[in-house]
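One structure below.
Going by the order they are written in, the chains are A, B, C, D and E; count residues from 1 in each one.
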Amino acid sequence: MLDAGRTETLLEVNNIEVIYNHVILVLKGVSLSVPLGGITALLGGNGAGKTTTLKAISNLLHSERGEVTKGSIVYRGERVQDLDPAALVRKGVIQVMEGRHCFGHLTIEENLLTGAFTRRDGKAAIERDLEMVYDYFPRLKERRKSQAGYTSGGEQQMCAIGRALMSRPETVLLDEPSMGLAPQLVEQIFQIVKAVNEGEGVSFLLAEQNTNVALRYAHYGYILESGRVVMDGLAADLRENPDVKEFYLGMSDDGRKSFRDVRSYRRRKRWLA
Amino acid sequence: MDGAMRTYRNDEKEGAVSDTGYITADGRQIGGTLMELRNITLKFGGVVAIKDISFDIREGEIRAIIGPNGAGKSSMLNIISGFYTPSEGELWYKGAKRPPMKPYEVARMGIARTFQNIALFEGMSVLDNVMTGRLTHMKAGIASQALWWGRARDEEIANRAVVEKVIDFLEIQAIRKTPVGRLPYGLKKRVELARALAAEPSMLLLDEPMAGMNVEEKEDMSRFILDVNDEFGTTIVLIEHDMGVVMDLSDRVVVMDYGKKIGDGPPDEVRNNQDVIDAYLGVAH
Amino acid sequence: MLYRTAGQFKTSYQADQALFPVRQDAVLLAIILAFAWGGLPLLASEFAFQTLLIPILIYSLAALGLNLLTGFAGQLSLGTAAFMGVGAYACYKMVTLMPWMNPVVAILLSGGFSAGVGVAFGIPSLRIKGFYLAIATLAAQFFLVWLFEKWGWLYNYNASGAIQVPNLTMFGIYVSGPQADSRVQYYVVLAVVMLMTWMCINLTRGTLGRTWKATRDMDIAAELIGINLMRSKLTAFAVSSYVVGVAGALFVFMWRGAAEPNLFDIPLSFRILFIAIIGGLGSVMGNYLGAILIVGLPVVLGTVPEALGIPISSATVEHLNVMIVGALIVFFLIIEPHGLARLWALIREKLIIWPFPH
Amino acid sequence: EGLSTPNLAYRTGPFAATGIPLMNGQADYMAMLNARDGGIGGIPIDFFECETGYSTEKGVECYEKTKSNAIVSQPWSTGITLQVLPKTNVDQIPILASGYGFSPMADGKVFHWAFNTPLSYWDGASIILKYIKEMGDLSGKKVAFLHLDHPFGKEPLPYLEMKAESEGFELLPIPVGLKEMQNQSAQWLQVRRERPDYVIMWGWGAMNAGAITEAVKTKFPMDKMLGVWWSGHDADLRLVGEDGKGYKSVSWSFPNSDAPVMADVKKLVVDAGKSQTSPEEMDGVFYSRGLVISAILAEGITVAQEHAGKPDISPADLRWGLENLNLTQARLDELGLSGMVPPFSTSCANHTGHSGGWILEWDGAKFVKASDLIMPESEAISELETAKAREYAEANAPWPVNEDCQM
Amino acid sequence: MLNDIFIKPFIDMVEAPDFLLQVLWEGLVSGILYALIALGFVLIFRSSRIFNFAQGIMVVFAALTLVGLHAMGVPAWICVILTLGVMFLLAVTIERVVLRPLVGQPDIILFMATIGITLFLIGLGEIIFGGENKVMITEELGIPTDSVVLEPWGGLLILEQKDITAVIVAALLVVALLLFLNKTRMGRAIRALGDDHQAALSVGISLQQIWVLVWFIAGIIALVTGIAWGARAGVSFALEVIAYKALPVLMLGGLESITGAIIGGLLIGMMEKLFEIYWGQPLLGGNTETWFAFVLALIVLLFRPQGLFGERIIERV
């Protein structure tokens, strides 16, 4: 396992603030760092600002009328927050968006090929990577000629991840890969993430609701609530934290709680003192 | 596998309203058959999304549908709510065969639903969204509405009261006037539920109500579902991928895979069904 | 701190549903109305009535009609002008066939005809969506204008092929035709527009309004929660065309005085669409703001070179005008795609929390 | 300051090509008067344009905008004329629509404030038919009437229909919509199918060029095609050059580069850089016609000033002036307009003057006169005028009718 | 009556087949021109879901620039190159000033913006070039202007060589575009962009680059259209109104289909001409071409809501 302290820092987010539509303040000073070759998880409830953080990094906020008003985002020592998304992709940072966002009218294979849009290393190399993606996701190979709009949720998620891999990224920002997927698939996708991480040396920053899985695969984690980082630490440590256990893993002192027993009133989180 | 299930099946007498029902593990009385799907097949061009599936839904129960992605779960829900018309098969509701219907007619029969990919009316406030759930209960004529007088106004106030109850129940008072476009995902899901509940349906279809939620939020959602089922006796059909939720909440589970039914029965039984483990769960939960 | 909503609590649903839950809004509106009824008519010149006041009101109403359909019910229409034409021609036929008819009643009735035609051309909306639907309204646009031209009965076989508004009286005063006084016409228009606006506000905030908005935002979901899309869309076409038709009748009877078929051609449709969009789709007030901008702007621009003493030929002024209007449309869309009404709402939001930035 | 004489011009849009030379001619004449004589009767002419683009809507706007101090208004479109006509009784400003407008405007008893000197469209149609008849019998012939689908184009219809009946020819109206002016293939296919003996054209703006090129393309015999005076623009014919040889157009004006007035305009306006015209345009039919129109207006002002006994006349004075025009050959020569317009006179009851017109023919490079002055058949026309004028007054009641007018 | 509607027109057609051919040919030629405009639309629509109303004025603008430059004494072929330069600048400007700030806005807003652009260009064009009708420099560009006269069945069929040229050029253009869209990296990116802006951005497709490219190609198409149409009817702002005809063509063919644009164009061109000649003129007083295309498209859409070749609308919940 990676030790965050010793490896090179790839991406650093310093105290950023994001405002939508000039009035809605969503991120209120978020800082985090992603080490080279690691899987870093960004956890937190709905509306905590995970997606916003990822989009701030990949510079996709602009088209949603959001902007980073404070702080800085540094990738390999270089300030990147004024680049356009394409330039960032060329630098090796690519995002897999929440909700998959496949190109519905393109076939699966065409979708994958668009992932290689920024690449200049020739047809053969792209062809090779296509095979690599098909190796990781055999299911995609079966459906390569189908229009993405008609494939199932899981296939679309695979397609989106595969598409990102086609850009030969160094860092992948992965937003909620597990959403809406069957348990087996979730496991499978995380396995693939792990395999890609280890096999190709790609670093991941992933936003997840499914804390359970995320903390099993990640090395380091940040917990975000209402636009602030409220806790961070090694994944293993976080798993043992009692608050995380209760609120994110659904564990009570005596094992997993039943969803039938949640009607009793809830406790307050300790960090919201 | 069949032995246990037969107890729950109701396919002996055609169109019979009800037999006696059954008692759940935690002691609730489940009524007779509310809806029965018989040999449903659904095709899209060459693709067979659902293949000859039959099952029933009983009054007051929480009926889960699970299965891998693309198994045809949402399509099944769409058939129930009239959005898709099955290529083959019949649908019996409250003891009568349901003729082909427009979705809005189905909704008016008391079947409300939520959607897998949130389908709220983004341009409206939370309150208005929930009010749309009550449209089926509002009958004022256009003149009355234009003048804001008489029936239109009375209805507006009466239905607003109902809606406020739902809002209180789901604890979304604070965002009443917020445009839904600005809400985070979890709250949107809750608003969607509110909209469905506002219709006071006798049957509620929930398509992955907890996708994209963390445990805390899932707990909330579970609480709402249980309360609705409990307090109003609403029958609930639930599609969900979180096995914890499914196992804890549902009374009976249908398992689908590639458009076929591979299991049907109480949660405990289903989770030990080898077909289900192979196709869906991966490991026993 | 002027615009404080804190402290204004609502204790009943009825109070919460009042037209102006915020006191300041009601006060502002009262001032505007007092000005419209009392102040302006005293101050304004004939020129102002003819080039600003009357057209702004009529265009607002037409845009409101379109907004009901496009902004509230989400059905794009590029045929507004033709539906205005139906209103105008219907009104013309009514007053020439039945000269005893009260002109205002005729104007209000003429909307009924355009409602009928609107519904007919709205039927395709049940199957066709988005830009494709624009074709249905464009078909209406081009077909109706053609019909106005070819069907002599519609314009009483006038030599000019145009309809000429007769001199009509109400309570012994000329309200239309060359003999009518601008001030009188202004009051008639103001009254009709106010009445229609009030009714439209009621419709949009009630059941029908929610039905429309649901249809607009996501028609599949709307149908699945129990909305009869056919009814929803067709009522939108009907009500919208009604309002547009009345605006068309006002347009010709209370303002232009005459109209040839070309008047109702597509540029007018676009103009009204501009007003609705610049004002803000899905807003009632926006139509007024949009009309003030789109109608007022050229008038103001037209006076600029003269005021500055720059000698530009009238043709160049005209071209510059077109250019500037085009540029401004783009400009306004960029600063606030949701229109002036949204801009106002944002300002309001800022005012409410003022002096705190967030 | 001076006498405010707005002109509802168009220098833009699909009608600009034909509009510009006319507007230039008008403006230059007035500029010449201002430069040479300090205006008319010592008071300068404030001649200014309001751009209408030939759109009726814009035109009415322009009329309203410019009417405040105006002593006259020139709508430059039959459509606009028709729409402002009912307002004239209220506004009491004369409308000068030289060679266009509503033909019954000739009846001054009904249309007190409108003038269409020196020739109306019915007159024009009558001259064309007369000319055709000279070439051979009309009865049993088929005459296509290719016209702009606009009040202007429909204007001669009542007269033509009447004649079709009395002369026994078949009239085939072919409308050209504003949107199809430049692409008249459907209309010319119809011509090809119907094989008419003559095509009479009431075209304007881009429609002219469109029709003439199509005619050449479909090989319609050019000498069987005759246009109204607005369809005889040199530039339109220059497009087809030699191929257009034989095309004819009726006209009540004719360019005369040697006329004294042309020299004055050239010296005082064009050479002084105060004009937008070009030498080529100045020799054309339309420029000189614009000039003549301004001269008619100027003459009206002169007459009015003499009558009112003051230079600073009112609109009502000008109306008197326009009703009492007497442009004899001598007076025309005096004004330096020799050969540019036939003599005519107006009266309280006759607002047109019915000057008569020439048939011009395109010789491959320019228009030349192909006939002597032909007079319209006044009797039949004036009957129709009176009838239609009465009809109009009734439809627009209350409408004052002045029965006291002397002939 | 029934005879006039259902029998006589067909008898007329059979009796004068050369005339029928001429009608069809005229329809075909105008159809090609509608189709060319529609092509410009389709390209932009595919890449951005922008319904580019300005395509019509771009045609006018391109043609005017070409003719205007030539009037200044520039040789014809250099004019073409310079005009392409102007169209490129126009594309860059539109992208920078209008599209970039409006990324991600609803379709109708972008549609409105293109109407704004249209107005702006009309004003600008009239100021620069003046409103008069101008003659296309057909011969200078080396386009043959003679006509081919055929005599089928002893009748008469006149085909203008410039029309024949237009037909050939249009066909080549379509093939080139189809290859470009379906077989190249850029083409794929263009299609991807049309499906999902955000996702396209996220994989590093540069909106700016693609939009400039697409608008520039639309500009090239506009120039070709301008030359072809200008050669027929002269160049003036009235040309702009034929852009409206491209709308039904698009709808009939399907908004995102190149093939659809071409087939739709031909179909509408020929059908409206046939209808006008055999039904419109004799029975309805003529001028039916103003609306026939729209009604035809509407009827087709009632049966195929996405047009003949449009992409199937994916509707799922």
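As a convention for this text, a contact is a pair of C-beta atoms (placed from the backbone, for glycine too) under 8 Å apart; a residue touches a chain by one contact, two chains touch by 3 or more.
As the structure is a computational prediction, the values presented were derived from the model and not from experiment.
Q: Going by the touch criterion stated earlier, list every chain that contacts chain A and also contacts chain D.
A: C, E
Q: Sort out for me whether A-C or A-B is joined by the greater number of C-beta contact pairs.
A: Pair with more contacting C-beta pairs, A-B versus A-C: A-B.
Q: Starting from the Cα centroid of chain E, hunt down the chain whose centroid lies farthest away.
A: With centres defined by C-alpha atoms, farthest from chain E sits B.
Q: Determine the centre-to-centre distance between chain A and chain E, using the mean Cα coordinates as centres, and give it in whole Å.
A: A distance of 44 Å separates the two centres.
Q: Compute the distance, rounded to whole Å, between the mean C-alpha positions of chain C and chain D.
A: 39
Q: For chain B and chain D, what's the span in angstrom between their mean Cα positions?
A: Each chain's C-alpha centroid was found; their separation is 77 Å.
Q: Quick check on chain E: which residues sit in contact with 2+ other chains?
A: Residues 126, 131, 244, 285, 287, 290, 317 of chain E each touch two or more of the other chains.
Q: Two or more other chains in contact with one residue: find those residues in chain D.
A: Touching at least two other chains: 10-12, 149.
Q: Can you list the chain C residues in contact with two or more other chains?
A: In chain C, 149, 220-221, 224, 315, 319 touch at least two other chains.
Q: Touching residues of chain C toward chain B in the complex: what are they?
A: Touching chain B: residues 13-14, 17, 199-200, 202-203, 206-208, 210-211, 213-214, 216-218, 220-229, 235, 239, 282 of chain C.
Q: Name, in rising order, each residue of chain B that touches chain C in their complex.
A: 81-83, 102-104, 107-108, 112-113, 115, 119-124, 128, 131-133, 135-136, 138, 140, 142, 145-148, 152-153, 155-157, 160-161, 164, 195-196, 199
Q: Considering only the defined contacts, which chain A positions touch chain C in the complex?
A: 19, 21-23, 25
Q: Which residues of chain D touch chain E in their complex?
A: For this pair, the touching residues of chain D are 10-14, 16-17, 20, 149, 174-175, 177, 179-183, 185-187, 189-190, 192-193, 206, 209-210, 213, 217-219, 239.
Q: Over in the complex, which chain C residues touch chain E? Could you list them?
A: 70, 76, 124, 127-132, 134-136, 138-139, 141-143, 145-146, 149-150, 220-221, 224, 266, 270, 273-274, 277, 281, 315-316, 319-330, 333-334, 337
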